[in-house]
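As written, the chains take the letters A, B, C and D, and residue 1 is the first residue of each chain.
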């Protein structure tokens, strides 16, 4: 009699999978990219303006970081939103791409580099075209979007990478916030008040 | 001589704080909201259409979930985007609010309920107005946006809540995906191809 | 035998209807709101920062204006986008609502006023709650969204109003641009370069 | 003595310039693209799904059209928004580019064509790469974004083109609406109700 041997996990099982995979990848980032993370934080703090760019869910994760950096008082723009201007010399582009080869992302990074901006890349691939264009590479040893073999993560496509982009962005923010000496109440005053 | 006794954490220290706080909150969700998570997954799967809504970073985290549910083949809309229609009977609203009291969010949930839609809420507050309007409440025991005392989390404002919204959304997706029997390659065909 | 006496217009017929209605409403605005338009232009030019807000298609029309004001070098934010901060004293809110009673819009305008920002409203209704909150009201004598009787316009709902919001915004921009003395080439350098 | 002979126009003067330029270009579209407009309307009506795409202000104008087509009951997606899926055979891409050469737009149109979708282009350039990829070209004889000589329009860059994209989109909608026999009240039920 044929039996279905692998039942689908409950949502709680899945949550524990997500949690375990994140714990693993964050430890690996801490081990391997410690200097990069601090370098990224310092460059964001000192940038004339910060631009963030990512495709799909990576882009949404970076928008979460962008919002926090605005709360901190930085001048931050999301590529593709209405009032985002041209990137120039002295600006920093924070960009995420699992593979480091997403064509539109690599093209944009090339434009930013040619304009004189510095680039901070979050990617799984330290040898990728995106990493080569970047002053700082935060290596996130997770699956890329097109790794469908389940070898690096049981989760679908780049999910683990995208979760780690959020954690890395929030870690950079946390460090900048604590170093700034500003209180939570001071940041709170910058939160959007017309929605 | 006055000395600064607490130095700012390095970005790696911050990453480990983020990781530890997430591990803790995910375990608590798994303990306390196990049935809610599976109930949420089942209702999303069976919905005529899914709408997602959240303010600020909670909304961005839910957009990440919305994109995945689209990859799975569901009919999903983000409130506030251009072609999102009216919510109706048979639809499900997935909504996130740390406090469960954000005025615009509670108003929208009330409208959705009046239109006959079911509501799934992610919130820290199981007794909140938002939770009362909801068929399913996924309780996330993290700080709310305006908890500035650092008691529930060392991170700023609702950061831990927003990170957990992403994890919970991705866990629900993972369970629905595995239960669907679809391969990663099948989902991949639905990824946006014009960006 | 029953016959269908009114055939649907061809798309060209429709284009001529759109054109004629716009010509009419722009003449009326020029007659009735001449001082308001120049006042609006001056306040936008002198604002510390400009925020734009509108629901649905009115909001999209204002985003088109917001992008141009950014090209001109102003510091402009779209309410609801990721890095839009809190509005404060010295800022200007440019807002559009056909009826002048859209609840979320009036609430936001009230918040902006309480924060000390000036308000410029585009509306069909000079006696509306929105107009009363505003320092400048540009009256656009077109149908509102819920005028379904076809009396003010053959077009659907607020279409004519929304088209006029775009024209009025572009007129304000044109005046500010010409008064600035900047060349087109100078503005061009500010156009987004990473998309 | 050097004198400044050309004062900046008042905002009302500018509004009349905008109005006159639009009246002119809409007449030209009606003369030259009459069949294309009706062809575009028919293809949008019969499409499995409609996708819209444009850069900058052209994209915002098309979003206004996309919202209306949703109100009419079509299945419409904006390229770049969160839940927009892959374009496929049987879908229609409505795209606008003044020059018809914007690299990202032409690439996307090529992808859409390769996937078997039909393309409707609004452009000033009937011989452009974009027009060549398209089944229907609506020619809008206005300035392109990089025409800075003021020959085709006194307005900045592609402003007149973008205004005409809105008018052409609204004309197509008006025809489809009238042909559908639906009342304004029926369409109104589809308007977003959670904002």
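Structure notes:
Following the convention adopted for this analysis, a residue touches a chain if its C-beta (ideal position, glycine included) is under 8 Å from a C-beta of that chain, and two chains touch if they have at least 3 such contacts.
These figures come from a predicted structure and were not determined experimentally.
Of the chain pairs listed in B-C, B-D or C-D, the one whose interface repeats that of A-B (more than half of its contact pairs identical by residue number) is C-D. Looking at A-C and A-D side by side, the one with more C-beta contacts is A-C. Per-chain CA centroids place subunit A at a distance of 35 Å from subunit C. Taking each chain's centre as the mean of its C-alpha atoms, subunit C lies 19 Å from subunit D.
Between the CA-based centres of subunit A and subunit D the separation comes to 34 Å, rounded to the whole angstrom.
In subunit C, the residues that touch at least two other chains are 60, 63, 67, 80, 82, 104, 191-192, 195.
The touching residues of subunit D, counted against subunit C in their complex, run 8-19, 22-23, 26-27, 29-30, 34, 37-38, 40-41, 55-57, 60-61, 63-64, 67-68, 71, 104, 146, 148, 150, 154-157, 159, 162-163, 166-168, 170-175, 177-179, 183-185, 187-188, 191-192, 195. Interface residues of subunit B, counted against subunit C in their complex, comprise 60, 80, 82, 104.
Here subunit B touches subunit D in the complex through residues 51, 53, 63, 66-67, 69-70, 76-87, 93, 108, 111-112, 115, 189-195, going by the rule given at the top.
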